[in-house]
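Here's a structure for you.
So that you can tell them apart, the chains are marked A, B, C and D in the order they are listed, and the count of residues begins at 1 in each.
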Amino acid sequence: MRHWHWLIEWDTPSLGHIKAVKRVVYSGRSKYQDIMVIETYEYGVALVLDGKTQSTEADEFIYHEALVHPAMILHGAPRKILILGGGEGATLREALKYGSVGKAVMVDIDEEVIRVSREYMEFMSRGAFEDKRVNLVIGDALDYVFNTSEAFDVIIADLSDPIAEGPSYKLYTREFYAKVNNILSPNGVFVTQATSPTNTPETHAVIYNTVRSVFAKTAYYHIFIPSFEALWGFVIASKTLDPRGLNPKDVDETLARHGVKTRFYDSTAHAHMFSVPRNLREFIEGETRISTFDNPVYMPA
Amino acid sequence: MRHWHWLIEWDTPSLGHIKAVKRVVYSGRSKYQDIMVIETYEYGVALVLDGKTQSTEADEFIYHEALVHPAMILHGAPRKILILGGGEGATLREALKYGSVGKAVMVDIDEEVIRVSREYMEFMSRGAFEDKRVNLVIGDALDYVFNTSEAFDVIIADLSDPIAEGPSYKLYTREFYAKVNNILSPNGVFVTQATSPTNTPETHAVIYNTVRSVFAKTAYYHIFIPSFEALWGFVIASKTLDPRGLNPKDVDETLARHGVKTRFYDSTAHAHMFSVPRNLREFIEGETRISTFDNPVYMPA
Amino acid sequence: MRHWHWLIEWDTPSLGHIKAVKRVVYSGRSKYQDIMVIETYEYGVALVLDGKTQSTEADEFIYHEALVHPAMILHGAPRKILILGGGEGATLREALKYGSVGKAVMVDIDEEVIRVSREYMEFMSRGAFEDKRVNLVIGDALDYVFNTSEAFDVIIADLSDPIAEGPSYKLYTREFYAKVNNILSPNGVFVTQATSPTNTPETHAVIYNTVRSVFAKTAYYHIFIPSFEALWGFVIASKTLDPRGLNPKDVDETLARHGVKTRFYDSTAHAHMFSVPRNLREFIEGETRISTFDNPVYMPA
Amino acid sequence: MRHWHWLIEWDTPSLGHIKAVKRVVYSGRSKYQDIMVIETYEYGVALVLDGKTQSTEADEFIYHEALVHPAMILHGAPRKILILGGGEGATLREALKYGSVGKAVMVDIDEEVIRVSREYMEFMSRGAFEDKRVNLVIGDALDYVFNTSEAFDVIIADLSDPIAEGPSYKLYTREFYAKVNNILSPNGVFVTQATSPTNTPETHAVIYNTVRSVFAKTAYYHIFIPSFEALWGFVIASKTLDPRGLNPKDVDETLARHGVKTRFYDSTAHAHMFSVPRNLREFIEGETRISTFDNPVYMPA
């Protein structure tokens, strides 16, 4: 029996990924986006927003460990953390693994994604939303960052991509990063998802260059996500701590000290992610544009 | 205008890559396989054998540099090399960049792939087939390896995947690797493409484990190929030289000493490829099966 | 924005229809089949069973009018009718338009299809299930036909296709038709959906030939269903009344006499459907096989 | 082995037909369009222009018989005929079956389509281009019709669809039809393909209404083409002869008189095609727009 029910995720009008749907677990629309939870044949249950796979049961650990741990490890002993976006709750789950964390604020605009994730994908948050250290704010990350008077040790941006008509493009601008810099504690670390360095290399490079225009210490890194069938990129930054100077060996020691268990991330994975091959390195470092409120850089539609 | 002409490359019956065809450059059948040369929108001209993209104008340098250079560098001063498969001529092109090479034997079974590549994709071989050091043999790699009385410093297997009814599965067995070991010079290095560690992780792991059952020194490594939308894996081996012991800094020095220009490969790319994240590392090293003539391990059909 | 959510209905492994899903209205599984109700861009809300479109808001009237009215008109004044299958309720709706009908028995095995249709596609039954003349039986059509002691003026088979492992193939055999013949009143008329004369011409022809082996008077006819992107076939039969002898002009008169309103069906549509072009006519009438319990004829899988 | 090489013919951005390509027979571009000749699994060799299937080995007889014979039969004894378009040569082939025809002018703008059809699809023309009665003109049908001083008994328009930027939209306007009317002999008959009455019902209806605004006697008719998975429509017209008045019985007699052999067309097929069901009839006859040079009606893109 051939499959009849499919998702096609388009990278461009001439390139896509075609994936059979085993079962529709949930399907609906929030104020902000189309939300589907489907069961796939290869990756288990998957969250799909506006037709784009966000996270799957089989490999969400790779994305979320890659996003969260380098920043936490670079800081070394984070106490207050801020998560922007991250509706599934898996970014929160990873951050809460550090016993040093006493307070975690999570700000997400779409309550419906959180509700659907908690109801149909418990494997994402695994109780994180019930943790007493968590303060969940339903609202706009931009508003929160511009209005808070608190300071954070680690700020993690797990936001939707900067698309032209989308709600997120301001969250990838110099103005926003300047404000993030202001609310970081002196040794604070900021990390953001930074789109795919191979699917949208210009967007990735502009995000890096924009972060670099604000923070003293920066690095870009990436990892392959099987269910995206693509590399995914991140940009990490700090006023004081150099992410390029992190000794891979310290990674394993710091993880052990905090008692943090990982499946993907360790010193070798860290070396892998931060060792960017020549062609990508030259492309990213050659970028000169900076995204601003007045002159934002969008992803190709 | 929507695209109407498409290739769908299937990873499984429920997962594939859909890519528009801009132009059919060549389409035909050899004795062994269906051969298409197409122009794509994202990757320029591409060679597609039996519906699988082999190499594209845009990113063939990544695959071919990743396949060839670690083995050449590990040896340090290869004089005689043997290439099994590699019909496009790009593997040969990369190997001939080393001035130390005095003789390069290339054995490929499908003369038609070579002819089509030379006629329609000159960017692949860029004159390599005209190089006086080259001895091109049209024939079966298995026969060649079992019958030659020569010894080689570097042997590079750029063969089609080990599929059940296919012509190549014997070229991934212990018996074959034992014979390869025999025709290596004392400090000789062998490298083989080893399928995708994420699409076909079991096949990749069995190839590694089979190589490991024969050679004293071995390593596995991988790199992301954009046009495959997948990681691609390799296994490297030697009687005497440990690929895991290669200092990344030596990579840049050896490339410079030979005057070899690369676009992707350098010491950082080497570190990236050989630093395999924890989950893949544990999967690959946990494999216990060995592929043999009598009990071969195939790729899932 | 390109569509990402698709159904592909396969006619064969190399031919299909690809249709974007606007919205998933309902998705679930009954004991018998996968049930989806989707909103499409072209055809409004559609019922899809095991990946096959059954009926859509935009054009269900064509299929249901074509199935029901020729048999009702041929009889002229049906009082008791039997519907086998027809879970959506639209076949029932059309049959109840005839004021002469005093009793309508509908037998469908899948209660879930009826429930979902009533809840999410009220436009199908439009109150038919609430009609006091209706006796709804949840059960196997085969059992009902073999065990009833009643006689019917019109029997309408609106059943799933005769596929190899499916629940319906016995409902297209000589034994079944012989039993149907027995429970028809003297001027009774039987009609059955008979698969597509162009997608599965052999199955269509065998159904006709099997009906012809049992009934004295028979005809085959077909109509194009836009949402199927295919012709759909029917076979009509009677002991005494010749469907080929029905004067198209009588069609309009009988419809008017009963006060039956139609959108598609009238004397011209009748002439269209019963005038089968030469190539199809010769193919269908050349068929010699008969489907039986012991030697059933299946649709190609 | 799953198929990897596909054509997707789009009816709309959310609806298409997906068909595997068995073999590329020819692929190229003329001055006017993209030309492919492919072998399919279901329909044999097919001509595909700009991604749209024009004719296939398996069922081109249906389209070409439906286009040509009603007009030839209605006239009864055509001597001079004019074919506009029809590059494959199959329309010409059907028209030449009538012994009464002494001269057939065919005007097609794309010499390359004719060349490719003759070389790779000989089953289309079957020698028609070598017939001494034929005068082949490479040129624009509009120019020919506006400049010829000849009169024709039957004029057959087998042209590409009226798309917005396309070369053909003027060939579906009142001005063009007025000129066609002028070059018809007193009992002359004109017939044109008229797009699909179900895929593009408005275009079909406007073509009919535009023809109706010029000619005294007109009719529309349609037939299902399996490889199009759609109904295809035609409009037929004359100054004096009423196509609606043609007695189906005369069809068989006239065919026999001329010794014309057909596979699809006969009196029953004629009755089928000209008996248009109520819903389509009401839609088509309700159209009030007329396409003109200044205010053309295009197909939806």
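Note that in this section contacts are C-beta pairs under 8 Å (C-beta built on N, C-alpha and C of every residue); 3 or more make two chains touch, one makes a residue touch a chain.
Since we're looking at a predicted model, the values are computed, not measured.
Asks: Among the chains, which has its CA centre at the largest distance from chain B's?
Replies: It is C whose centre lies farthest from that of chain B.
Asks: Is the contact between chain A and chain B built from the same residue numbers on each copy (over half shared) or from different ones (under half shared)?
Replies: Same; most numbers are used by both chain A and chain B.
Asks: When the C-alpha atoms of chain A and chain B are each averaged to a single point, how far apart are the two points in Å?
Replies: Spacing between the chain centres: roughly 34 Å.
Asks: For chain A and chain D, let me know how many angstrom lie between their CA-based centres, rounded off.
Replies: One centre to the other, that is 57 Å.
Asks: Quick one: which residues in chain A touch 2 or more of the other chains?
Replies: In chain A, the residues touching two or more other chains are 2-3, 8, 13.
Asks: Considering every pair of chains, which are in touch?
Replies: Contacting pairs: A-B, A-C, B-D, C-D.
Asks: Residue numbers of chain A touching chain C in their complex, please.
Replies: 1-10, 13, 23-24, 27, 36, 51-52, 301
Asks: For a test of understanding, state which residues of chain A touch chain B in their complex under the given definition.
Replies: Chain A reaches chain B through residues 2-3, 8, 11-20, 22, 40-42, 61-62, 198, 223-224, 226, 229-231, 262-266, 268-269, 271-272, 275-279, 281.
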